[in-house]
Each structure stands twice: as C-alpha cells, then as structure tokens.
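Chain nomenclature is as follows: A, B, C and D, assigned in order of appearance, with residue numbering initiated at 1 for each chain independently.
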Amino acid sequence: MKPRLMTPGPTPVPEETLLELAKPVGYHRSSEAKAILAEVSEDLKYVFQTKNPVVTLTSSGTGGMEAAVSNCFSAGEKVILLIAGRWGDRWRNLAKAFGLNAVVVEVPYGKAIQPAQLEEALKAHPDAVGVFATLSETSTGVGHDIAAFGKLVTATPAILVVDAISGLGCMECRTDEWNIDVNVTGSQKALMLPPGLAYVSISDKAKARIDANQSSKTFYFDLKKYLSKIAESDTPFTPANTLIKAQRVSLQRIRKEGIENLWARHARMARAARAGVQAMGLHLFAEQPNNGLTVITVPEGVDGNAVLSKIEKQYGIKLANGQDNMKGKIWRMAHMGYLDLFDVLAALSALELVLHEVGFLKEVGPGVAAAQQALAAKA
Amino acid sequence: MKPRLMTPGPTPVPEETLLELAKPVGYHRSSEAKAILAEVSEDLKYVFQTKNPVVTLTSSGTGGMEAAVSNCFSAGEKVILLIAGRWGDRWRNLAKAFGLNAVVVEVPYGKAIQPAQLEEALKAHPDAVGVFATLSETSTGVGHDIAAFGKLVTATPAILVVDAISGLGCMECRTDEWNIDVNVTGSQKALMLPPGLAYVSISDKAKARIDANQSSKTFYFDLKKYLSKIAESDTPFTPANTLIKAQRVSLQRIRKEGIENLWARHARMARAARAGVQAMGLHLFAEQPNNGLTVITVPEGVDGNAVLSKIEKQYGIKLANGQDNMKGKIWRMAHMGYLDLFDVLAALSALELVLHEVGFLKEVGPGVAAAQQALAAKA
Amino acid sequence: MKPRLMTPGPTPVPEETLLELAKPVGYHRSSEAKAILAEVSEDLKYVFQTKNPVVTLTSSGTGGMEAAVSNCFSAGEKVILLIAGRWGDRWRNLAKAFGLNAVVVEVPYGKAIQPAQLEEALKAHPDAVGVFATLSETSTGVGHDIAAFGKLVTATPAILVVDAISGLGCMECRTDEWNIDVNVTGSQKALMLPPGLAYVSISDKAKARIDANQSSKTFYFDLKKYLSKIAESDTPFTPANTLIKAQRVSLQRIRKEGIENLWARHARMARAARAGVQAMGLHLFAEQPNNGLTVITVPEGVDGNAVLSKIEKQYGIKLANGQDNMKGKIWRMAHMGYLDLFDVLAALSALELVLHEVGFLKEVGPGVAAAQQALAAKA
Amino acid sequence: MKPRLMTPGPTPVPEETLLELAKPVGYHRSSEAKAILAEVSEDLKYVFQTKNPVVTLTSSGTGGMEAAVSNCFSAGEKVILLIAGRWGDRWRNLAKAFGLNAVVVEVPYGKAIQPAQLEEALKAHPDAVGVFATLSETSTGVGHDIAAFGKLVTATPAILVVDAISGLGCMECRTDEWNIDVNVTGSQKALMLPPGLAYVSISDKAKARIDANQSSKTFYFDLKKYLSKIAESDTPFTPANTLIKAQRVSLQRIRKEGIENLWARHARMARAARAGVQAMGLHLFAEQPNNGLTVITVPEGVDGNAVLSKIEKQYGIKLANGQDNMKGKIWRMAHMGYLDLFDVLAALSALELVLHEVGFLKEVGPGVAAAQQALAAKA
C-alpha cells in the first residue's frame, strides 16, 4: 500500500525537503542561519506577491491569525468578519478572545460571501477598522473573491486581514495588487512543508495600526519584535530553524516552477477533479469552488464515512471528512502540496472504484475519463 | 514535477527502505549484522518459494548469472540456451565467456520459447547438463512458462538455471515446485531496493554439480564459499551491508502483503495496463506478456523517441525505450517495485495525453477508462 | 571538518530522530497520530517526573512561558520574580507585557538566587500569587535549587512556575516531588529534538488558577483548550506533528537510558568539563554551576571572540559566546542533547589546543588529563 | 550511547552522503546518471593521483582484486607476491584460483616487506610478469613503501598491482608518480561510503597486458568492457547507481579538503593515536605502522577480547579485534573515513578508562595527554 495524503493540510512534502529535515541541526544565530532566513523571506515575498515584509512565526497558522488580531486591534474596536464556514468562525473566536467589537457577515456552509455584502457592511459601519476574510474556506471548499474585497476595503480606513492559510500557493493571491494588509498562511499546505511555521505579511497601513496600538497584550506574537528582527534576517525567539531550512528547499521548487505556473497547474488539477466528480453523478458542495480542494456532497443513501474508510484502507488514499456537524455529509479531496495531476486521477479512480463497490455506480470509467478530458483541454 | 520511475529496473523504492540506507553504517561482522542477514535470507526463501539456501552476492544481477555459469559448469560441457531477447542473449555471452558448448533454441523478439521447443532440444541433446531460461524477458515483455520447462528438465540429468532478475516478486515463480535448480534475481526490480545485490538459490542437484566441478576459475563468485558462509549467516567478503539492511525493510513489506497477494496485485496492474493500452488502439509487443512490464509497439507514423521524451519532460514519468535496435520501436512500461495501481493509471494517462498531443489520438479518455474497468473487474 | 554543536540549544539530535523527520507526512487527526501523542505525553510525564498532564505547544520555549503567564495570572496580580540572568529577565518582560505586579529578587550575573532570598520575599509579600524561577540559567551557567524554592512556595497560596527549558532532562528535576506547579521546557535542549515544540506541565493548584482566571486574553496559548484536548490525546490546533513523531523517538531513547542514569551521565560530563577547564587555569563563571553547560570566564589578555572563532573554524566545535554585554567575556560550553563524554573531551581538547596556539597555555595535556581523571572517578 | 565505528572498514560515512542514499532512485542510463559517473571518475583520478582511467565495479574490494588478477594474467604466468598478513594472503588465494605461478616473498605478521626483498626476487625471477603488493596491511597495521616497490618494478616487464583498499585516501599514495599499474580500492574505507563499490585504475602498461590476454575467463569483471564503457561515462552492467551518486558527495568533501591535507590530517591522527597508546605503556604491533589504523599488542595478563567488549558496551566505540589466530592478541583502532582528531581522542580515552577499570593502568590521563601533545606538535 502506497499512501497518498490528500487532506487540506498537512499535505505531502517533496522528498528533498523531507531529507533536508534529516540533516544535522545547526545554530540558529549563525550567519548561515541568517542567510537562510533571508532567502526564505525573499521567496515568501515572491509567493505572497508582496513587497512588504513577511515574518516567520514558530506556530500553527492560528498563531499567525492571533498575531494579526492581537497586534492590529485593541479591545473594543469595531471589525467586520466575513464568515462562510469553520475557518471564518476562527476569526470570530479570535475576535471574541481579544474583545473586539465584531460585526458579522455570514453565509451558510457551501456559500461564498459576495463583495456586495461587504460593501453594504462597510457602508453601515464606517467606523470599522478591520475586515477579516478567508481566501480558501477549507471546511466547504469555497474560494472568496479577495481582489474584490480589497478594492472595497482599501478605500476605507480599515485594514484587510486575510486567512490565506490553505490557499496561498495553490490559487491566485496577489497580496499587494489586491490590497491585502495582513496576509496569513501556514507552512503545511501549498508551501509543501510539515506544520510548525506561520507566515504573516504586513502592509504599511497595518504597520501603522500596530505601532499605534498601546494596549496589545502579547509577547511571543509581538509583531513589532518580528518586524524589527526580520530586518536583520533574525527572529526574536528560537525559531523552528530546521523547518525554516527545509522551507527554503520547497520554496526553491516553487520559484523554479513559477508562481503563475503553479496557480495554472492547480487550476488544471481542480478542473479535472470537478469534471471527474460530476461525471460520477456527484455534486460539488461549494457554490464557488477554489482550486486547492474539491468538496463533494455525499449522495443520498451512501454512507459517507464508510466510503472514506474504504478508500483509505483499500487504496491508501486519505481524503478528509467533513468537520464537526458536516462529518459524513461531505468528502474533501485536497489537491495542494506536493501532488500532481495523476494524484488527482488516483483519488478519482479510488472514489469511483469504491462507489462502484458499494453499489452507487453501475459502472466505472466515466469519472476518470472526464478528468482525463479536462486535463487535455486547453485552460 | 513529481518523478515516477517506471523502467524495468531500477524501480522506485519505498521511503522507509531509502531512509534505512541513511542510518549510520555498522560493522558487517557483528552479531547484529548476522541476525539481519539471517532474516533477509529467510525472507528471500519465502519470496523465492524455496527451502534451499539463497545466497547474497554484492554485484549486479549479471554477477549472479556469472556465478551460476562459472560454478555449475566446466568448459566444454553442453548446455541448452532458451533465447527470446536481449537477456537470453546474456546467457549466450556468459556461456561463450566460460567456454560452454551451447545449443541455442531461439525465437524472434516478441515471441516466447514454447515448452515443446525445449522438449525437442532435450531429446536431441540427452548429454546436455544445463538449461538456461529467462522468466521475464524485459527486452520484449515476454514471460516464459518456467513451470513447464521445469517439468521437462527435472526428468533429465540437466539442471534448470533461470534468470528471474526482473520477474521474481512481481509474477508467480515457485522455485521448488517448478524445479528451478539455480534461480537468480537482483535487488533493484520487484524487491524494491537500489541496485547492488544479486540473489541466487541453489538446489541439491545444482549443489552436487558445483561440488563436483574441479575446473571452476572464480574466487569472488565461488558459490561454495557463499554457501558455507550463509550457513552461519555470514558472507565470504565484505558485503554491501547497508543494502542488505535496507533489503530487510522491503522484504518485511512483501511478507506483510503476502507473496500471493503481491502476484495478484501485479496481475491486476498488468491487466489494467494492457486494457488501457489496447483501448488507445495500440498493440502489445509480446505474444505472451508478463505481469512486470507492458511492452507496446510504437504505431506507424509516431515518433517513439519523441513520445517518451514528452512523457518524461511534461509529466515526469520515465518509461523505458527499446534497447539496441529496438530503440524507437517499442515503449516499455514497467509496473514492478514500489508502484501501485494508480501509477499505472498515471502512465496510461500521460501516454494518452501525449498521443493526443502528437495527433495520434483524436480524443482522450478511453485509455484510462478501460484501465479503470480492468481494475474494477474480478480477476 | 566534522561539526559538533555544543551550544545550549539547539543541540545535536540523534540520527534516528532526524530520519524520523524525513518520513512521509501523515494526517494529524488520525488514530495513529493520537496514539503517538499519547505515547509522547506519557514519556514527557516520565521525563518531568510528574503525574500531572503535560501539554505540547507548537512554539518556542518562550511560547510555553507566555502560556504560563497569560493563563495563570491576571493583570495587576502580584508575583515574585527570581532573576539571575538573561532568562530570568524573560520572566520580567513577560510579566510586564501582561501587566503583572512584579516583585523582583535579583542577583548579579554569575550568582544564584538563594532560597533565603525567596523566603524573605514571600514573607514580605504574602499576597504574591506566583513565583517565577529558572532551573538552568544558561546565560551564566548557574543552576538553581528548585527543590528548596518549591518547599517554600508550596506552603503559600502562590504557585511555582519554572523555566526548565534548558535544564530538564540533563539535570535532576522532579516536578511533583519538588512542588513545581507549572514547569516549562522546550524540545531543542536535552530532549534531543530540533526547536519547535514547548512542553508545559500543570498541577492542580495551577489548574485552579487557570480555571478561575476570567481576564486572560489569549487564544492560541489557551491552556484550558490544550488540557481538554490532551485528555483525548489531541491538540486544539494543527500541531507540528512530524516533530511530535520524532520526539517520540528521542523520548524512547531517554526511557531506555533511564532518567536517573541520564542525570548521572550529565553530572559526569559536567564534572569532567569543570575539571578540564580548571586544570587549564581557567575559572568557572557560575558560583553554582549546573550540569547542562559549563560557563568559563575569558581570562585577562585573551580575545574571547577570536578563541571561539578558532575553535569553530579549525576544529568544527561550536561553543556559545556570552549574550548581549557578556559577549567576549564568557565562553559557554553546553553538554546537553545528543552528546557524550567524548564530545566534552573534544571540546576541552580544542579549547586547550587553541589556548596553546594563542599563547595563553605553555603546554597542552593537563586539561584533557584532568577531564579524563574526572571521568574515571567514582561519582 | 553514541556509537563510534572505528574498524578498518566499513567506516563512518558523513550524514550528507548517507542522506544522498535516501533520495528517490533514478534511471542508471540517463544523461544525469552519466554526468554523475563522469564527475565521480574524475574525482577518483584525483584521489588516486592518476591520469589513467579508474573504473567502478559493483562489488566488494575483492572483486576489484579479482578483476586485476583475471584480466592481466593467464594461468601459468609467473608473478611475485609480497605477503605481510591476511590481505597479502588474499593475493595468494586469488593467484591460486586463477592458476598463476606464484613466487612468494613473505614476512611474519607485524613486519613489512622491504624493497630489498623485492629487488632480490625480481633478480631471481626476471620472467615475472606481475608483482602484487599491499599498501596498508590492515591485519597488522603495517604500511608498505609502494614508491620504492614501483621504482623497482617499473624497470622490468612486470606490472605492479597494489591492493590499496584500506589505504587510499588516508595515506599518501601517488598512483602515477609511484608507477602503480593497477591500483585497487574500495568505497567503504577512506572514501567514506558504505561497501558495494570497487575502483580500479589501469595504466597503459597494464592495459597492454589486458588487451593481449586471450585466455581470460571472466565476464562480469571483464576490464576491457569497463574501460570501453567508462570512456563514455557508462558501465557495462547495471551499477549500484545510488552508491555512485553518494560517492560523489564524499568525493566532493575530499576535493574540498584537498588530498594532501587529507593525508596530513590522517598523519596527525595517527601520531596522536601512537603517542597515546605508547603513553599507556602499550606497544605498537606493526614495525612500520601506517596512518589509517593503529594496531596495538594486547599486553600480558589482559583479556584482549574482554577489553574490546567493554569499550563497545560501556563507551559505544567499536574497535576491531585481530582476525583468525590474531584474535585476542591485538587491538585494531582504525582512524579512516569520516572520523576526526577527537574520535581518536575518544578511542584513546575509552581504552585508557577500561584499562584502568581492569587494573592494567594505575591511573588515567597520560594517554590522552600524550595524544593531545602530539596533536599540538608541528608535523
């Protein structure tokens, strides 16, 4: 059995990156370590498509989200939260923990927040100082139109804070051009590294808020310290330096492929996934699906959990179940990280074989054939 | 680009086996080293399906073939060579190098030696003391009916020597039940290790010939020494001990899957490959194809070399070209080693996409769909 | 050049642990992942010598310290800080960031806080609700008598919070027996892992404070969440799961050696280091040196920075310089992590050779000979 | 316990070389594979100090020795064997296996063959067509004066064949300048790789003998084929291609250090080993010790096997015992491969501690101190 990890994080990591992690550990304050962090920081800017600094935190992605909340805002300040699923909810919980005055714009699972909704909220709340959005809502497979959000927010005093944790690197995301002030991602999604690092880009507009914030109660996630240290390619606290060194290897791979080619390849994979799934008579759960994962509604009469379990046990492919009360109702097939076209085909093949085995499909072939046709089609 | 190596050796090696190779090197005469060799030798017997000793040589598979020739026979002795391709030719060259009196039974590339041909040769040459055959002729994709050969040879004074280098582990091969006296394989095919080790099983009938042979001129490949040492789980010369330690890991994987399941899985993969290829309108080159690789005749009007090159450059999949004067005339898609059903599907997908791109196929889909149907069919 | 990393974090990591990091990445919510975390948590309890839960945070050690401060205390509460160097200062900065009312007991660099000083402070401040101490003050090499501190604090309503980041695992530390309420350590010191994980044990007394704390502003470091999740062998946020898996391997090594043997071995290494250093006519900087590192006063007339540089460039051994204004005034030779007796001897040999080269020592030999005698002596 | 392998093969391998072995396996006939073999071949010429081709065989070092014997000589030809121990004996056994007419010049274990002895033999046997010598006789620790041998042989029609398996790379050896016609070494000694490859350099004088040899019975070790293939950076049979790729990494390390610096470093290590051993009151077994290993006579009244066992079990250091009837009579401490000065110090320290423990030494210190002084001394 050859395992294929197709969950929306962690994702498969290239062998050369993994082997980098097996090298002897070095000192994190050496000039070599600084040169590595400098290179990683530059390559992160490229992946973020930003000229602003990108800081590296040793934490889960949620640590990066907390850094954004705790540094940029004071208790009581008004912010607009755009919530379309579980990860939007994380913004809600963070806002609550730090006492922000949250205005919530929310849509049901499977739907996407529309720019018009944000426009209305901004009008109704001209005193809002922040807007929180989610690039790829992995709980539902929805992708948001961050470019449109940015156009709206940039015209206001508010800053746009984006959770791009599972989207950055596998779908178009232009931090500067799209006016994202604070962009947060993690190492374990499209950046092809194990979990452990969060990355946060900070615009001048956001920086001004951070500098002005007197009430922030944080030490480990104090972005002022990280910004000051990254200017000399250093970190305020002992970082997960072997992860940083390995991130360099995966980033070099991204550089080599080219960020736009990377986006195009994921778009091709996503088209194939969607075509294959629909050819099996299944339905996409997200109204506005993103290119990092394909979320499928479990059809009536099929035991969603059993199908996933069979796919894993018989074919070694790990898809993700729905989370919380979505469990058993959707299947989440991620195609981000060190995966290629043929891994998508493998997942579709296994899904089709199991759906045949459990009697949902009379015959197999149309699913993989439709995916194959999508692969052959010009974009 | 994610590389997939689908040549008939070397083949992909599981990550856990590769990582075993990265462990600190140990002493090859320690009790731990002997325990490892003992375990490997037992597991090799299981894979060979033999109760006879299997010795481990540090060499290519050809070294194992030479050991069989130089130890079991003296110059001038008559042997029958069954030749159906380039690897059968290796027996011819070895026989020549060691001065054997070779009777050649030969068929054109793509054909298989039939048991009746051997029967006739044995009748015509009752003084033959050896018969040399090839389990999987990887230059053409042919598989031979070794069981039938064994039934014929066992009734004579001759011993049956088989080159099972690229077949053992991915197609049925029952050394004892099929009366194979000397069975030779290499580490880098279905046994999921890099090249560097050859394995040779030796029956009592073969052992008697080796013991009686006074004229053998060999030292490094002296099987008497290896047999004597393996009895105490040792080797006469410093072996490639890290490869042996890693072989243990891959053999444990085979043990866990079970040898008959392994054969069945490769049969399933081979059926899918053949179905997919034929659904693309292509023809199988071998009249009697084996389960370790599928050899395809390059169709008229298609540049065979260019197609392989595109498959590799655009899709990362390395298929093998024909060798020598077969170059450009056949494509060889191996499905042995650490590969699964979906790697076969990947290769078919890439082949179909490229054949579409170069204009040979009007549309894509039928190839992968047919393979998928073969995967779903009961064996 | 064979590098030897002898800084007080990161430290060398065993090869088998590093290779664990190179294995394919798995899903962090699988039952296998939970079993691994369960095992790691049990082994951490053993290393901590506690029956209380030990939670795993994905962060630097400082993240663990922040978790202790932000969860157990509210702004304005009075705490006693025992400060003997740079790491004691970290408690000061954290207390300040979170608005605690800090009573500082401080000694100059090189000195240790004495139990009597704490006793006095506790008497003077009966309303103190917390005491913060440092097991191994790596900026000076001092070790503190935490057992004595614990005896004093346990009789009061205050909780004892200890930074054991660079000491736990290389010097005696009995969390429960010594009445440590919150004990914090990191992965990258004696626990033989790269940086990226912090571990925090929490006593019932501390738990009561955490539960009662209404004003805590934290989300990522919310210990209530970690405690609740660890009860089911899970984590609230995506953890650095490959580090956790690798930590298991290093912890198994510690289990096998036995925690008391580990302490004894480090004591032996430390005795050898101190004997060797003193035999070279050098002076120990710490009045109460600990067993994890030996800090040496740079003698008059010797260029401290140049000596370290020569040791690294000529002999591959990385010792640590003093930090901040101690730079060039002390040398810090750590002997924690995957290092053995002979690595200490190597560092002493290199130091002696360089001190001879720069003219400080007339002859070499006495340093390594004294270390060797210390190694031979009964403890 | 941190293991240190100090046997004369296999030897420790650098981590970066080991990790190269864990990379995915590639195809051995690709242009990338040829480029790697080309680079390795060039670097081997540098290490051998030759302009002649150096071929790579997949075998133990003995395979390289057999290739020299079987290719360069015909049965019945007269050769002179210089035998000073077990590895000289290997030449004797090979000569016997291939029917050569051997003239033996032999000295007792611990002694070295003197040039005068060879001179005399050459005079007595002007019809000798080959001379076989051993650079480092690892069974006794003796080093031979190959330069002097070469001067004598080059003036005759005979070719000089040298077993440099355990010496090349850790002691001076100038193939061309010293007139070595066939120089054989293995991967697992000073070249810092696991076992599995043998390397053979071939002079024009040797090549002429090979080309003229009609009676050679070999196929796998046919040097004509290897020479012809290496000219296009290829090999006649599937080589252990992952070992070749890893050899590149270790050879790059040697290139970086510089061959003369490498020799000088080993000389320094050997001086320290000899000084340390003698300061413990022990005697060197070899009258003319080489720089790759130090062989020590077990003193009267000491159980040689028990001491080695204690050194390994208590201190993790693996020294080699004497072989065959030398077992228990000598200790062999190798200092070749990926080892540095401090590993020698470690071995001396462990030996001294154990000799103290078993009562042979009254006190410890003089051994390591003497080694330290040798390290400090100008060469």
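Here are some notes:
By our rule, a residue touches a chain if its C-beta (ideal position, glycine included) is under 8 Å from a C-beta of that chain, and two chains touch if they have at least 3 such contacts.
No experiment lies behind these values; they were computed from the predicted model shown.
Comparing the centres of all chains, each the average of its CA atoms, the largest separation from chain C belongs to B.
Counting C-beta pairs in contact, the pair that comes out ahead of the other among B-C and B-D is B-D. Centre-to-centre, using mean CA coordinates, chain B is 35 Å away from chain D. Per-chain Cα centroids separate chain C from chain D by 45 Å.
Chain centres here are Cα averages; for chain B and chain C they lie 55 Å apart.
Along chain B, residues 15, 19, 22-24 each make contact with two or more other chains. Of all residues in chain C, those touching chain D in their complex are 1-2, 4, 14-15, 19, 22, 257, 315-316, 338-343, 345-346, 349-350, 352-353, 356, 363-373, 375-376.
Those residues of chain A whose C-beta lies close enough to touch chain C in the complex are 3, 5, 7, 9-13, 18-19, 21-28, 30, 58-63, 66, 69-70, 75, 93-94, 97-99, 186, 188, 194-196, 217-222, 237-243, 318, 320.
Listing the residues of chain B that touch chain C in their complex gives 15-16, 19, 22-24.
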